[in-house]
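Shared chain: chain A. Partners: chain B in the first complex, chain C in the second.
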Partner chain A sequence: MKILTTNYLTCALRTCKSHPNSFPLHFRDAELQQDSSPFNASFIANILPRLDWSALLTTATELGFTNLPLEKPTVVDERVGMALHRILIETQVVEGKLVCRNCGHEYAIHQGIANFLLPGHLGISPLLLVWGGALAEIYV
Partner chain B sequence: MEIVNPEEYEASHVHRVYENIAPHFSATRFKPWPIVERFLCDLPIGAVGLDVGCGNGKYLMVNPNVFIVGSDRSPSLIGIAHGREIQDSIVADALDLPHPDSRFDFAISIAVIHHFSSLERRRHALKSILATLKAPNNNTNGGRALIYVWALEQKNSRRGWDEGDRQDVFVPWVMSKQFSSAKAEGSHQNPQKLTYLRYYHLYRKGELETDIARAGGKLLESGYEKDNWWAICSPAR
Partner chain C sequence: MLPTPTTSHLSFDHIYEPSEDTFLLLDTLALQSPFLRSRFPQTSLPLALELGSGSGVITSFLTTHSATLFGHTSITTLSTDISPHAPDATKQTVSANITEESGCFLGAIRTDLATGLRPGVVDMLVFNPPYVPTEVVEDGNGEEGWIGVACGGGVDGMEVTIRVLKGLKECLSESGVAYILLCERNKPEAVAEQLRNGEYGVKWIVEKVGTSGRKGGWEVLGIWRVMR
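Up next is the complex of A and B:
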């Protein structure tokens, strides 16, 4: 999964979406892979105004990238353009989790694919989850 | 048709089928439909959008100058889409899309909404897609979505349905031998080949436009192409 994608991801739970804590999602145990792909200067220049810069800074810091300016640049020079290309397009998260800070739900990333299906989508009733959670507490 | 539990119904008659037929289905889906291709190629460079129900990801590579996050309910199809190393793809449900509201320039959802088994869920899916699009204001038109659904009126097709026929149908998918060995669960077996039945709601003329309006969308363009109704819409808000 690309870092650019994480700038466009929030919690899948409807009740979380309106809450500011659900964006951006936060990485846990992220395993990164650096790919190389051709630099497309006008693509990056056009992506820039669309980015949520503060969310990107949060994500980049969590993953150890510290070379982005604190304020969103108004013009993309080559240095900023390349840095953005490297982070947004060439960095892949191959394993790990994305966590919602509002509800604590963890979305798994496996082999580069994030899975946003909720327990309800998988035919597990919420009641069973609560019951399972209670059991887990008893036996911890 | 009244379905008691649409979620379970779709799990058996849509999701499980696609999981089972994914490699064979994908092998038959490679040519982009012309109106979808035109919609994607007309987008400005750096536009960001969604492909809701992207299947094997065939539309993710049409225009390399835009960024598309493809999503599908079927992990097997996303596995195929992801293997192509283009754009990005995630496993998600169209009714619970993990995307912030009002951020996207465009969305496409091609041959997906007709798999929802109630009117409420079909409109809910359209509403979820519309919610992700940029809202229109005085200076811009807002984000645009292209939606494709299968038409009831297709009397010249192989299926031959037409006006007045049932709209909620099962459509068989006959697995070719070469793909049959993989998974057999949930199928109707005969000695020769496996047949899977997929649920569809076939759209009547005008129905897609009505659903879009009721989901809070503004219709920009619509039409009929090769047994399908299509529409381009944006959020009305």
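Up next is the complex of A and C:
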């Protein structure tokens, strides 16, 4: 899963969706893989307006990338372009977790695939989640 | 004709094998190229999302052929599926077919439809639903396992699709467009009318942009384009 994906993801719980703390989700125990791919200057220039910069900064910092400017640049020079290319395109998250800061729910990433299924999605009635106690409430 | 992505690396014990419906979607998307080129120029950097990607042949098609379909490679693709087998299959299919001239595949996520996606980020949504009328929508534990989930759509074959249609308003960006396959038994004309008259929260512009044509049987498939 490319890091850019996290700019499009939020917590799967409906009650978290409108809460500012549910975006971005936060990486924990992330294992990264670096690929190499040709630099596409127009791709990087065009992705810029779409990016939520502060969310990207948070994500990048959590993963150890500290070379992005604090403000979204208006033009992409070579240095920023290469840094974005490295982070957004060439880096894959292979293992780890994405955590919602609002509810604390952890979404596992295994072999590059994030799992956003909640118990309710697999046909388990919230009523069966007796062991979940108060947790069951949120899954309704 | 754009080549269909290879899936020779997959076995189809738990994954829906690309079939007539899949190929109709691919053919229709290829014919939509002039529309896609004008709707999603390079500067818009569209995000294409496939729901229920299964083998990944459609996501792979969009990624690999982005230069032909969109006129540029500044597109991102993402896929979701509820099955434990599909995201990995999709990943493999994209990898097997990707070239240096492809769009950017972000990843395959295991989730229920578009759950977990931020509202309003999807520019192009593609869905080949479980559209066969069945008594219940399966959960993977039925006799047909995850293939049953990929095929069975409950009442009128529409139970899963209705959830997608209800979520379109939230999921799609302002310029977003959805391509959804419906079969005759889904009562597509009535569904299109409901979409047009605002029953799904927006007075959607709906057009049938692809069809498998009339055949002896009743299983006629159509691709419906939905946008604001």
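Keep in mind that, in the parts below, the second predicted complex is superposed on the first by the 126 of 140 C-alpha atoms of A that agree within 3 Å, B and C clash if a C-alpha of one lies under 4 Å from a C-alpha of the other, contacts with A are read in each partner's own complex, and residues count from 1 in each chain.
Simple rule for what comes next: a residue touches a chain if its C-beta (ideal position, glycine included) is under 8 Å from a C-beta of that chain, and two chains touch if they have at least 3 such contacts.
All values reported here derive from a predicted model rather than from experimental measurement.
After alignment on the shared chain A, the placement of chain B and chain C results in a clash.
Look at A:F43: by the touch rule set out above, it reaches both chain B and chain C. In the superposition on chain A, A:C11 makes contact with both chain B and chain C. Once the two complexes are overlaid on the shared chain, A:N21 sits clear of chain B and of chain C alike.
Using the contact criterion defined above for the overlaid structures, shared-chain residue A:T61 touches neither chain B nor chain C, since it reaches no partner.
In the superposed model, A:N115 lies in contact with both chain B and chain C. In the superposition on chain A, the residues of chain A contacting both chain B and chain C are 1-2, 4-5, 8-12, 17, 23, 40, 42-43, 46-47, 50, 107, 111-118, 121, 123.
Those residues of chain B that touch chain A in the complex are listed here as 7-8, 11, 44-48, 65, 67, 69, 71, 73, 75, 78-79, 82, 88-93, 96-101, 103-105. The touching residues of chain A, counted against chain B in their complex, run 1-2, 4-5, 8-14, 17, 23, 40, 42-47, 50, 52, 107, 111-118, 120-121, 123.
Chain C makes touch with chain A in their complex at residues 42-45, 47, 72-74, 76, 78, 82, 87-88, 91, 100, 104-112, 115-119, 121, 139-141.
Chain contact summary for the complex, chain A toward chain C: residues 1-2, 4-5, 8-12, 17, 23, 37-38, 40, 42-43, 46-47, 49-50, 89, 107, 111-118, 121-123.
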